[in-house]
Amino acid sequence: MLNSLSGKPWIWSFAATVIVWVVTVLFTGGSSSLGLTQAALTFAAFSVVVGIGQMFVITLGPGNIDLSVPATMTLSGTVALKVMDVQDSMILLGLILAIAIGIAIGVANFALIKLLRIPPIIATLSMSFIVQSSAIWTNRGLRIKPPEALADFSTSYTLGVPNVAIVAAALSVIAWVLLEKTIYGRWISAIGQSPFAARMAGIPVDGTRFITYVLCAVLASLCGYLLASFSGGAALNMGAEYLLMSIAVVVIGGTAVAGGNSNVPGIWGASLFMFLVVSMLNTYGFGAGVRLILTGLIIIGVILAAGGKPAAR
Amino acid sequence: MDNAVLNQEVVAARGVKVAFGAVKALDGADLVIRSGECVGLVGHNGAGKSTIVNVINGALSPQEGSVAYGGDTASPGIARARANGVRCVFQELSLCPNLTIAENARIMHGDLGGGRWRRRGIDLVSKQLSDIFPDHRIDCASVVEDLSIAERQMVEIAINFAAVSAAPKLVILDEPTSSLDAALAGQLMAYVRRFVGSGGSVLLISHILGEILSTSDRIVVMKDGKVVADRDARQFDTRRLVETMGSVVRERAERRVFGRKRRTPILSVPAASASDMRFEAFEGEIIGLAGLGGHGQTEALLDLYLSANSNWLPVREPKMAFVAGDRGLNGTFPLWSILKNLSISSLKTLSSRNLIDAEQEDRVSEGWKKRIEIRTPNMHNPILSLSGGNQQKVLFARALATSAKVVLMDDPMRGVDIGTKQEVYDILRAEAESGRTFIWYSTEMDEICLCDRVYVFRDGTIAAHLTGEDVSEENVLAASFAGGEAA
Amino acid sequence: MKLSSGAVRTILPAVSLAVLLAAVFYMQPRAMSYTGLNLLFNLAVPIALATVAQMLVMAVNDLDLSMGAFVSFCACVTATFLQASPAIGILILAGAIAVYAALGVVIHLRQLPSIVVTLGMSFVWAGLAVLMLPSPGGAAPDWARALMTAKPPYVPMAIVASLVIAVLTHVLVMRSTFGVLIRGVGGNMRSVERAGWSVIGIRAGAYALAGFFAMLAGIALVGLTTSADANIALRYTLLSIAGVILGGGEFVGGRVSPVGAVIGALTLTLAGSFLSFMRISPDWQIGAQGAILIIVLAMRLALNRMEKREKGR
Amino acid sequence: ETADKKIALSNNYAGNSWRQAMLTSWDKITKEAVSQGTVAAADAFTTAENQATEQAAQIQNLILQGYDAIVLNAASPTALNGAVKEACDAGIIVVSFDGIVTEPCAWRIAVDFKAMGESQIEYLAKKMPGGGNLLEIRGLAGVSVDDEIHAGIQAGVEKNPQFKVAGSVNGDWAQDVAQRAVAGILPSLPEIAAVVTQGGDGYGAAQAFAAANRPIPTIIMGNREDELRWWKEQKDANGYETMSVSIAPGVSTLAFWVAQQILDGKDVKKDLVVPFLRIDQDNLEENLENTEKGGVANVEYSLEDAQKVISAEM
């Protein structure tokens, strides 16, 4: 029993999520439960999408991280909305463009990492500055509205479930299959444990890492596209929140930071948790200082309960 | 037993039981070591040798039984074992690769403190190294990660034998020669005799029965967590030892008669320099790479492998497979199960439409588990739950499970027990018969002599090429040392 | 002669710093003076201290995501309590260092991922800082101000301080037994354990020492800025990690270089300055900062090639 | 006589539309001034991240480059004081605006943010004398602008006890952050009569109310074009009423002229106050027309405007 629990580190983030949800809903005697759930699903969706990409990268092993996520979101959101220019007929083109931007950034990130041997953390940080400048340069931060149909889609619900959450769920399923069922999933896990052993086991290590960085950037750009459509326009700072968030949901969700081990359900648990904690503390009317402190303590509490790695025996 | 009565008991483990989950690693084992003797400890892979070592050195506390150090029976633990003069050279290398040799000595010797410890550490280790391995060429100011695996092993041995204030009473050597070539192994064994002669004691674990027989005063044989024999070394010879361990003794295999079926080599590497020779491999051959350790054999294998395997694109049919010798560096994936470690190189054939077929994966790995006897109740257990030798078998199975026509082996039998070795040799032959080519770097002369052809390496180049009946210990040694060794 | 890997780790960053500095001197000869150097580098001093702190945590294979928040917290304590009632201020700072040591113990005992625990702590420190200074303010203690604005003969304070930090931490981390143990835990924890040392103690010590240096960073920062705010050093988290990496350190394996870390911090600061010496359109100023980082690291690659120590990674 | 003088703009942040508008205004006005030979140069410098430490380093570099005046939008009112002091000691004129600094040697062109907060409650008190529940969206915790506007709102609520702040969140002056925070607290809030804001967060709040299917309260806007446009749509559809208030990005150009005047030897008081830019129900259309699509309502200053501001204060 205990064993099967500790084998599923994501359990804890869900347990914490449920507790925080209950505590928040109690405040209104239960009347807020539907609204809160829908809001949580909506906003968790964005963290999930970027979180999945970040998880793949983190799985590649120590030092692998993508700090260009926020800038990528901003650039793809800005450019896509500018190109679509409020016309419904351009929605698909905008999406393709956003994905293309993601691919380009992913390629550039990996080029820096591989060709110039720059450690990923600095490579992606430097790249994020360049991408951010590009976003400024494209339209100087003007907020252009999304096409009507796209805005409607991203802000409405299907059977009570927010559409963006459905999109994120679909992406999660794909990610889960990739990770658990495909050769690619095995490969990134192997590389995360020992790139050299992976190479000697016949894995095309560079090819796999390349795909992974591109995948992460594409998910970030997709998230930028969705978020800009959802919130009525792209802003130059719209990705800022998602730098820490994308990392936090991955690690709180139980993915081993040392790489080689990752899990998709945990990202959902952690994303919902991160949203609900802030909502709970806001609901109970704590000021910013106390709220920050409690958020931190709750995160530490969750990880303490989850108890880290089981000892090596 | 009678001749040891006069000697003092250094450590005594009695009735020790240790279980890892369902696996009884030690099932009531007794081991007593007295001063002035070298005890040889042998047994199949997973017999419990490393486990009893961990009990003696205090890292593991047994679930049952007692450990006493010269009568001191206080609660066990690493600190007490060390205080009682127990030192241990572990099966997997346990230096800190990022530190210098002196810094490692500082960590291993709590009493090396005080001013100028760095200088004294270097002196200490270099003196000890010269004592054990007289003509070593290790720069004692180096960082450990700049050393070859053999050099690391030598350094670790030297650090453990070295004495700062108090000399070690018992030095445990868990497969100390697995990465050393015959010459270095010989020097170590000679030193062990001298150390024992001066009143120290040594617990020697090895799968190379020759060195056990020649070096030990007493031999303890373990099987499935129990001690099955504990007798004077003179009462054993190879045959009786192997039989006691529970393996069937076989005559030394006859050299295979290899007729070259096709005249075009499937692999060919031109000579790199004037002193070098062309390297060729034909279908169905077993080719040995010989010479002293660290003379470029591993590098040659790595070069061959890396040039044949794309780092960018996945391939359906790998041309080559690789069996690592340095498990920790380029072999195992520590977070994974045995199963995943085994199947990683052959996933293409185990999947349909890019999705891995779990059932087929299970089936294939069960097949290999039986075929080379991987000792585990369940292939889904973590790889690190296997004993060292069994982990090595998994790496073997990983390579053989691929469809690669060429298998490169980097001294792959390190720490594999004799029974298994013979089975693996049989598998190699069968595979070679069916057309696979093996390129095999080995530090064991017996293995080199099993090869159809042998390239002898010296200073990073091929110094000699031996074929058929010319493959012999004398010829290999001659080629290893010939020429420029003026110094 | 073959250089050891450790030597290469320090030489490469030093050369990139020198080249960057030469470029700055070329563009702005005025920088080549006592005041010039001080202006270029004095803000690097707190970053260098934070980088050293991060390096200590990285030496035991952990990562401190709360560095920026903690330095901000210390800065707030310095500008308020330490200034107004030194005794209480010292008590608070000592308590904060004790918390760091405790983090080391908890992370070790429960085998927790440091990245999650410190992520949680970053909220806690930020919250405490906001409670202390809801609005920017406070004042630097006179001694801190005097120390940071001192004008020693011949060599400007910024350089003196950097040298002192580099030498001191080099002795501490590379020469002392304690330093060996810390790096040993990073390199092979089991072997340190098997040699009979208390790894918990070593980890706690490394964390406490990191807390101490981070505290010095906070004090130095306030000495330069004369006052504090709750967000003052948030960027130090990334800067300190980048500094360690730029200085030749690695995420795992206990491979760190204190001298390199200080040089890394100086390089990062200089890369920022470099920018304002080139006249770039505001749109691209942010991007140029990324480009400079990339060029600095690319230079390292070139040097690396010359050194011909390329091993297949 | 400033034809040979060089002026620099040190800006800590460029990541929102307000800052972009500020830079554009600067660019427009100073280019003219340079081409007419009023000053020799007027370069803009922006740091990559919104951090006082980075900006302090930037100021120190500007000192090295020999600028005669530095116009400053500061990341922190106090944390740059060290660098500002160094600049003053080097004989450089420092003029701060929007994000002002407290160092006495510098000039300040300030907006009374507290009054800006209070004006929101005053407006609401007039509009809904019965009062009601308020939702307060704050900016970034620990930043002085946030603290001041909040203080103003608090003061307003104290004077008008018919209002009660039922909930408070931090929107970090960003539409998407505000939207996220409001969506999280909204389900547990009672009926909300009005939302008081700090600028750059009104549209996000409106979106959150709409998504939760709650009646839209009176949301105070912050002069962003998307906010004004949304307001206009609501006004046309159902006569929605509110007001909008923020500081005009073009205040950077006022700061430029002030610096130029000081270099010219004019005597200028250390503390100048500029009015905030307020948009009401009747001048909404006019302002919307003059605002760039996706931008911020703006006012730019000419030399004459600046001289008027200076003499008015004397």
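Which chain is which? They are A, B, C and D, in the order written, and residues in each are numbered from 1.
Methods note: a residue touches a chain if its C-beta (ideal position, glycine included) is under 8 Å from a C-beta of that chain, and two chains touch if they have at least 3 such contacts.
In this text the structure is predicted, and so the values were computed from the model without any measurement.
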Furthest chain, CA centroid comparison against chain A: B
C-D or A-B - the one linked by more C-beta pairs in contact: C-D
Intercentroid distance (Cα basis), chain B paired with chain A, Å: 45
Distance from the mean Cα position of chain D to that of chain A, given in whole angstrom: 32
Rounded Å distance between chain B and chain D, as computed from the means of their C-alpha atoms: 71
Contacts with two or more other chains, residues of chain C listed in rising order: 126, 129-130, 134, 285-286, 289
Where chain D touches two or more other chains, by residue: 14, 48, 141-142
Where chain A touches two or more other chains at once, by residue number: 129, 132, 136, 140, 196, 256, 288-289, 292
Those chain pairs that satisfy the touch definition: A-B, A-C, A-D, B-C, C-D
Contact footprint of chain C on chain B as seen in their complex: 57, 59, 78-79, 82, 88, 90, 94-100, 103-104, 106-110, 113, 117-118, 141-143, 145-146, 302, 306
Contact set on chain D toward chain A in their complex: 14-17, 19-20, 24, 48, 138, 141-142, 167-170, 172, 174-177, 179-181, 183-188, 203-204, 207, 210-212, 224-226, 292-295
List of chain B residues in touch with chain A within their complex: 20, 305-306, 309-315, 318, 321-322, 324, 329-336, 340, 344-345, 347-348, 351, 354-356, 384, 398, 402
Complex interface listing, chain A residues touching chain C: 62-63, 67, 112, 116-119, 121-123, 125-134, 136-137, 140, 195-196, 244, 247-248, 251-252, 256-258, 288-300, 303-304, 307-311
Parts of chain D lying in touch with chain C, wherever the complex brings them together: 11, 14, 23, 27, 43-49, 51-54, 56-58, 60-66, 76-83, 85-86, 102-103, 140-144, 146-148
